[in-house]
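Heads up, the next two complexes both have chain A, just with different partners, chain B and then chain C.
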Partner chain A sequence: MAKTIKMKRRNLFSWILLTPSLLFMGIFLILPFLLLLVLSFRDVDGMMTMLPTYSLAQYKEVFTSDIYLRTISSTLWVALLTTAICLVMAYPAAYLLVRSPSKGVRTLFYILLVSPLLTSVVIRTFAWIVILAQNGLVNEVLLKLHIISQPLSLLWNMNAVIIAYVQVMLPFAVLPIATSLGEITPNLRQASMSLGAGRLRTFLKVTLPLTIPGMISGSVIVFSLAAGSYITPLLVGGRLQPLLPLSIYQQVMQISNLPLGAAMSLTLLVFVAIVVAVLGWILKRWEGRMNG
Partner chain B sequence: MSNITIRQVSRQFGANTALKQVDLEVREGEFFSLLGPSGCGKTTLLNIIAGFLEPSTGEVLIGGREVTDLPPYKRDIGMVFQNYALFPHLSVFENVAYGLKIRKLPKAEIRKRVEESLASVRLEEFAKRMPHQLSGGQQQRVAIARALAIQPRVLLLDEPLSNLDAKLRKEMQTELRSLQQSVGITTVLVTHDQEEALTLSDRIGILGNGELQQLGSPMEVYRRPANRFVAEFIGQVNLFEARKAPSGGEVPAGTISYLTDKYRLSSEQPLALIAAGIPELEGKESVLFMLRPERVQLSLERNLQETNQAELCVTDVSYAGNSLRIAGTLPGGGELIVQAPDPSFSVLPEPGQIFYARWAPEDLIPLV
Partner chain C sequence: MDNSNSASPPMRRRTRRFSAWTTLVWIAGSLVYLFLILPVLVIVLSAFSPKEYPEFPPTGFSLRWFSAIAGNSDWSGALWNSIVLLVIVTLLTVVLGTTAAYAIARLEFRGKQAIQSLMLSPLMIPQIVLGISLLYVFTGMGLIGTMTGLIIGHVIVAFPYVVRTVSVSVSNLNPKLELASMSLGAGPVKTFFRVSLPLIKPGIVAGGVFSAVTSFGEVSISLFVYSPSTVTVPVRIFNYIEQTYDPAVNAVSVIFIAVAVIALIIIERTIGLTKVM
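Let's turn to the complex of A and B:
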């Protein structure tokens, strides 16, 4: 009897501790999400005034308009490409981070890796404008070297968006991969080599498979960020790029079609959620196989 | 099957010398143990044989072929690690097949060899399991099967049993030894467990401070340790620093009398040690003698016929099941450790009790 009272008390205590964060999440995440959901079913008239009726009209528009379908697919494609490039570029960096022999060098690498996160995304993206603009660093150098006679237009296209994305999101891919790499027992590589596998084969058959969890975690972060970013594509790609966050901004702030903006937001959310769920499922399967 | 030759191998880590000019020959087909306390360089030496470390100087030959500059994957070795090092993402079958796939054997041959290897460690039923589904002992058996499946020239074992509990370790020792005998593979075991080295090995190399202290059969290193380091590392010992007694005293024929100052009788006289007159003692003025605790006998009465006898006041008794360890001091100072087989006493001795300890002249082993 006394025990159950004690348990109940302990339970109550945990709930008390959880309350502030639950309240915060409820008010600033769950509630807005529900409002958004309701909003996305509202009808509007020609003047974008909201009507008291509800229908699937907004979703119908999103999924039947060629422009929006193209926007959705290019948003997902850019996010996928960014994720792939980030993974490829993050792997060697993570390797260096984990394998560098001295602790001082390792700390230095960590600082170098994380320090960009200390400045705002806007500033980091502006740097790309300085580098890629008509009279920017790259064009000036190529012109001075007489490799080109006309400045290249490197800015205001999807390539610029991807370049900036990769730079901004690379640390989010490096850190989980480095964690995964660090968890591999060095003996496993030795065992592989003692069985006759060279360095490349050891990497492909042992190291790479064992860092799948890190790669998946990194992919989840990079993909969701890349699919949902607004400022970076706006600054280096321009507001006309076919990317969902830009279209949503346009609907809400310029056209004032709030229900359509809400429907697009939820569409984006669902697509990202599907990708994250699939990756999560793969991760769970893999870890289950290794650790039961 | 091959012998291993270590020639003048040294290894430095920065300013530290882990190995100093070690010369060693592991014979074909023998079970050889590298024994020593932690930090003695035994693992360094094993890693040099495996190729995970390069020696600073010296060379390594496996089967007469110089391999000093070869990477591990070209040395044709089988290795078993303390933490088993099974690939967690591969099944038991795939783990054992790993080295065979690299050797590009035909599929049917791989299947056959994996099944044979698993059968040799009695795990044929477990092929489909993942490593995390196995117990520690089973994991280590898979590691052994994996190392042997590639039919390597030598088998290297890095403290393979020290993660197992005592009972399982004993079982695995027996199994490992019989497996090694049936395969006939040259085997090097690294261990800090002297009992394990004594039970398993044909020969033992004892490493201390980066140097090879002694090389010999288990019986040789236990009964005739080469020096104080070996004597103290393998088993327990009583050590006597002794000087030759001035001649004139009565000494039985064929023996030499020594005096040890740290051990004193009730009369404050130094304890006299009567040692067998073996050639090593000839012309030696001061000698360090070793006396194994199990060679000392205790009795309640003074025995008039015996040489080497001392009164002993018991200070500590510990009962270990199959034996009894008794520590005591001589009346004038000096501690003596005695080990007696279990049923020697119907009632356990108690601290404060007085016994007479005695031992034969042949049991005083000089450490030269």
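Let's turn to the complex of A and C:
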């Protein structure tokens, strides 16, 4: 009897501890989001003044204009491409991390992986400007080596955006894959090889399938970050790249058409949510197959 | 790179191929790590370069970009704002994040999973969406351009990191210790402060470091809610590079890299780098 009273008091205390965070998230995360949703149905006049009427006009504009449709598809394409490149590059990096010969080397790899997460995105993006600019590092080296006679224009295009994205988001792919790799018992690989499978076949048939959960959790993070960032594309790609976050930024900050910006934001959010949900569904099915 | 290797007997070729495969993976992996650290190297190289544009290999050493920012009151004003924000945001986030992570771990209720996802969601929600929703709400509340607005925005993005690191510590905490404390007569409040908190301190410290670093480097939300009087260092850098190329930015960036290094050391000494994700 005394025990249940104690547990009840403890639960009450835990709820008291949780309340401030719930209130904070409710007021500054959920409420703004709901207001944004309402805002996306507001009408505006030619001067971008909000009218008291509600309609689907903003969404109609997003989904019927060629420019915005193209922007949506290129946003998804760029995010997908970034995710794919990150996965391919993350694999050898994760392998090195798991198989590092000594603790010192392992710590070094961790430092290299975690330090980008601790450096402001502005700084990392600025570094790419220094590297890719007309008189930047790449052109400098290529000119000095007489490989090119005119500086290449490497900035202000989608390739620059993707390169910077990959560098910024790679750690998010490496860490979950490394976790999956680390969980595979070495016996499995040895068994496969002693049964006559070569290294490549062992990798494709044993190692790769077992790391799919890690690859999916990495993809979820990389994809949603790549679809929703605007600082990096703005600085290395320029304002005019067909990316949804840039269009939102422009609508809100320059044209002051808040309802259209809100409608685009929700469109972006829904697309990201769909991709994340599909990846989650694949992961669940995969784990179901693995466990039974 | 001659073809004499092809004359080796088949067995040796097989072992050779083994090590060649591993070597290839190691080379690829090392290149990936080099790619990861490249921007940091470039920043440091440029910050100490005497020329306007970075050179490779460097031709000299100079501190001219550091003296260029040291005497500039705009940069020191922004730095002051950033530091004030960092301190307030870290304190608030640590208190909110620690209590939330601990309570979630100790409670069992329907919708617990949903609450947990909500707490971590700012990591996944597109920054631009967070930014404009806060811009809209803050305009109505009169918080645009105020420090309060910036603090709220920073707390939202830093909060998930504290929840995550503290959750790691709480899951390593043996519940029997708390039960022992309670059965010896201590109430839940006393148990929390005297038993649980000291034991999850590493997670709290690591979370604090993460929120400090996040706040110090935050730009995506700040850009929507700042005003000229509350401009922070990253926002100022953003405005600078969007308009011109200024090599002095390299020197400012070195400050950020130094902060990251300090953060790395503290995280390694508390929960360890391996537990970060």
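One rule holds in what follows: the second predicted complex is superposed on the first by the 276 of 292 C-alpha atoms of A that agree within 3 Å, B and C clash if a C-alpha of one lies under 4 Å from a C-alpha of the other, contacts with A are read in each partner's own complex, and residues count from 1 in each chain.
FYI, contacts are C-beta pairs under 8 Å (C-beta built on N, C-alpha and C of every residue); 3 or more make two chains touch, one makes a residue touch a chain.
Because the structure is a prediction, the values reported are computed rather than measured.
Label the relationship between chain B and chain C on chain A in the superposed model as either fit or clash.
Aligned through their shared chain, the two binders fit side by side on chain A.
Is A:208 in contact with chain B, with chain C, with both, or with neither (first, second, both, neither)?
neither
Applying the touch criterion given at the start, work out whether A:170 contacts chain B, chain C, both or neither, answering first, second, both or neither.
second
Treating the CA centre of chain A as the corner point, state the angle out to chain B and chain C, nearest 10°.
Computed angle, apex chain A: 80 degrees.
When the two structures are laid over each other on chain A, which of chain B and chain C touches more residues of chain A?
Larger number of chain A residues touched: C.
Considering only the touch criterion stated at the top, classify A:258 as touching first (chain B), second (chain C), both, or neither.
second
Can A:278 be said to touch chain B (first), chain C (second), both, or neither?
Touch partners of A:278: none, neither chain B nor chain C.
Does chain B (first) or chain C (second) touch A:22, or do both, or does neither?
Touch status of A:22: second partner only.
Tell me the contact category for A:56 with respect to chain B and chain C: first, second, both or neither.
After superposing on A, A:56 lies clear of both chain B and chain C.
Figure out whether A:148 sits in contact with chain B (first) or chain C (second), or with both, or with neither.
In the superposition, A:148 contacts neither chain B nor chain C.
Can you work out, in whole Å, how close the C-alpha atoms of chain B and chain C get once everything is superposed?
Superposed model gives a least chain B-chain C C-alpha distance of 8 Å.
Would you mind writing out the residues of chain B in touch with chain A in their complex?
My answer: residues 50-52, 71-79, 81, 83, 85-89, 98-99, 102-103, 130, 132-133, 143, 146-147, 150, 156.
What part of chain C is in contact with chain A in the complex they form?
Residues 18, 21, 25-26, 28-30, 32-33, 35-40, 42-43, 46, 53-56, 95-97, 99-100, 102-104, 106-107, 115, 118-119, 121-129, 132-137, 152, 155-156, 159, 182, 187-189, 191-192, 213, 216-220, 223-224, 234, 237-238, 241-242, 245, 249-250, 253, 256-257, 259-261, 263-264, 267-268, 273-274, 276-277.
State the interface residues of chain A toward chain C in the complex, per the touch definition above.
It comes out as residues 6, 9-15, 17-18, 20-22, 24-25, 28-33, 35-36, 39, 89-90, 92-93, 95-96, 107, 109-131, 133, 135-137, 140-141, 167, 170-172, 175-176, 179, 199-200, 220-221, 224, 227-231, 234-235, 245, 248-249, 252-253, 258, 261-262, 265-266, 268-269, 272, 276.
Provide the residue numbers of chain A that touch chain B in the complex, in ascending order.
185, 187-188, 190-198, 201, 205-206, 209-210, 286, 289-292
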